[in-house]
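Here chain A shows up in two complexes: once beside chain B, once beside chain C.
Presenting the complex of A and B:
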């Protein structure tokens, strides 16, 4: 399926806020409340059986934190990317770990690295980082213990 | 250090909690597994990762594109070439660089040698985990030859770093192809020797058959990839399912297991080495003459956009997700590592097994910790 066909198929059942094509891959923006429903639709009706990863991209200029979900289909070799725009100050989105079990760890990692809350997550504990380090991958992260060397 | 959920609840008088790691030899790195045990049977398991987290992704945001390649081969020191490949392929895709055909064949050859090298080390380490000390001396005899070949090409014996954006820094060594030919003449017989030594051994078969069964649906749902997934009778290999480079030109098959138990995962890796040897034989015949590096601008400045490239590394799907904003440094890089997802399924396949089986099951997943923690 190409970019247009995938978009049409998702649009026929679920709302797509906006979409773009990047390197031939569909990037569809979804409302945060719908993410689990759309993920289940992709898995059950469109054969997207592999969730490659979940991560986030910080865009402080627009005060937006985008959570990125990338799916791949082993059967058709198609790719689709779902994106959710969140407010940087109070970023929260529902979990999809009920649909894809692999999302469990990916969400925990995204959560501690970017400060995103995944609602109803089965195990919201930290995964990699120790306590005390909050959202280090945000662009404006500063660590008190680490100051850059003065420029000569 | 994270407390396992069952550490905080009250545990019955019959049960106790045991820490395996972070310095346990069978974890091959710094990984802690908290076990809840009922006698000898595992009734709860919680992996605690992150001991060697080094925030590679944040470091990459502050480096120029050409400076990041050496970081990728340190993520998985056993399969370094494949990791370089995913990264340089991402930059090449963003900048629309066409890699010369000779370089593509050289990449395939190095990647397959690297896969053999990684599987041989896994074979030796797995043997030692389950108490067989002899296999390592046989496997390292061949591994040494492979390392020497790759060292001549890349300059490193562990974190090989030969890939550049656009191709290679130098052409194949003069004696590389004759050495490879000599090596391949005997290698397939040697794999049969390894199988006779360890994989078909009666004691090992008894310890691994029917242990740690991972079914197909569960494996895909957990994002398990690589030989671990193929052991569960699932013919998925990115070299076939999402072909990259010149892999479509080679004739090789995807090896699968039948039952998805620990033994099947071992057998798949042994069969994969045979297929790698097959690919190497074909590549040796087919490699064309010509350039080994494309014309790449002096300053690497990809157009704004984002890209995800994935390769089949020795452990499974390794991917690089890269967002470029048109400057000399990437805006965001995410490494999708296979062991991360492969470890998350450990709980599902271990509960109910004996404590000695935990080591065999974990060994069969072939984990490398730095790529989990990143």
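Presenting the complex of A and C:
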């Protein structure tokens, strides 16, 4: 399937807010409330049987934190990326660990790195970072031990 | 054989006609210590690859008296900090150092262990040098240093041990 067919198939069942093609891969923006439903739809009806990763993109200029989900299908060798836009100040989205078990750790990592809250997560603890480092991958992260890069 | 490496005519006297040498106890003990340094098997990151290469057959630090890689800090004399120390790892590095028996020595190997190296700017998790956590005897620059550089640093450490006084060993 090309990205247009994947988009049409998702659109037939679920609302897609906007979409773009990035290097041949469909990037579909969906509403945060729908993420678990769309993930279950991809898994059950479109054979996207693997969740590659979950991460986030910090866009402070737009006051947006995007959570990015990338799915892969071993059956059809297709890839699709779902994105949800969240408010930077209080970023929270429902967990999809009920659909893909591997999302458990991916969401814990995204949570500690970007400060995103995953609602109804089964184990909402830190994954790797020690205590005292909170959301270090946000663009405005400051730490007293950090040496800023000198301006060239 | 290694004991004779640091042989100094002023410090060691052969008794003519007898299988006996006379030497100061300080020289003899320092020579023993510097030529039987056991290294803590402890790699933090990519510098550990070069450290392993130095210990393996091609470079073979056993030639210089670094005989055994000690599997426990309680048997080790030398800790080679081979890699980046993160905020999370720093307490464990300190604990391993504290578990080693005196006299103990530390080599900071590579740019990360000296200063934080490539992670010195804008890093939220990297400690800027092993000497922020534990005292360091020898610094070896490089990213990572070649085995020759590590051997050079280890031989410099042996020379340092040969110069130490008893009063400075017991802390």
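What we mean here is this: the second predicted complex is superposed on the first by the 148 of 152 C-alpha atoms of A that agree within 3 Å, B and C clash if a C-alpha of one lies under 4 Å from a C-alpha of the other, contacts with A are read in each partner's own complex, and residues count from 1 in each chain.
In this text, contacts are C-beta pairs under 8 Å (C-beta built on N, C-alpha and C of every residue); 3 or more make two chains touch, one makes a residue touch a chain.
Predicted model, so just to flag it, every value in this text is computed and none were measured.
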item: Combined model on chain A: chain C and chain B, fit or clash; value: fit
item: Touched partner set for A:104, first chain B, second chain C, both or neither; value: first
item: Broader residue contact with chain A after superposition on the shared chain, chain B or chain C; value: B
item: Degrees between the directions from chain A toward chain B and toward chain C, using C-alpha centres, nearest 10; value: 40
item: Touching partner for A:130 - first (chain B), second (chain C), both, neither; value: both
item: Touching partner for A:89 - first (chain B), second (chain C), both, neither; value: neither
item: Chain B versus chain C as contact partner of A:143, first or second or both or neither; value: second
item: Contacts of A:57 with chain B and chain C, given as first, second, both or neither; value: first
item: Overlay on shared chain A, then closest C-alpha pair between chain B and chain C (Å); value: 5
item: Footprint overlap on chain A, where chain B in one structure and chain C in the other make contact; value: 128-130, 136
item: Contacting residues of chain A [partner chain B, same complex]; value: 22-23, 25, 49-53, 55, 57-58, 68, 70, 72, 74, 77, 79, 100-102, 104-105, 113, 123, 125-130, 136-137
item: In the complex with chain A, residue positions of chain C that touch it; value: 87-88, 120-125, 128
item: In the complex, chain B residues that touch chain A; value: 1-2, 5, 49-50, 53, 55, 57-58, 93, 218, 220-223, 236, 241-242, 305-308, 310, 317, 319, 321, 323, 331-332, 334, 336, 340-341, 344, 373-374
item: Interfacial residue positions of chain A with respect to chain C in the complex; value: 128-130, 132-133, 136, 141, 143, 145-150
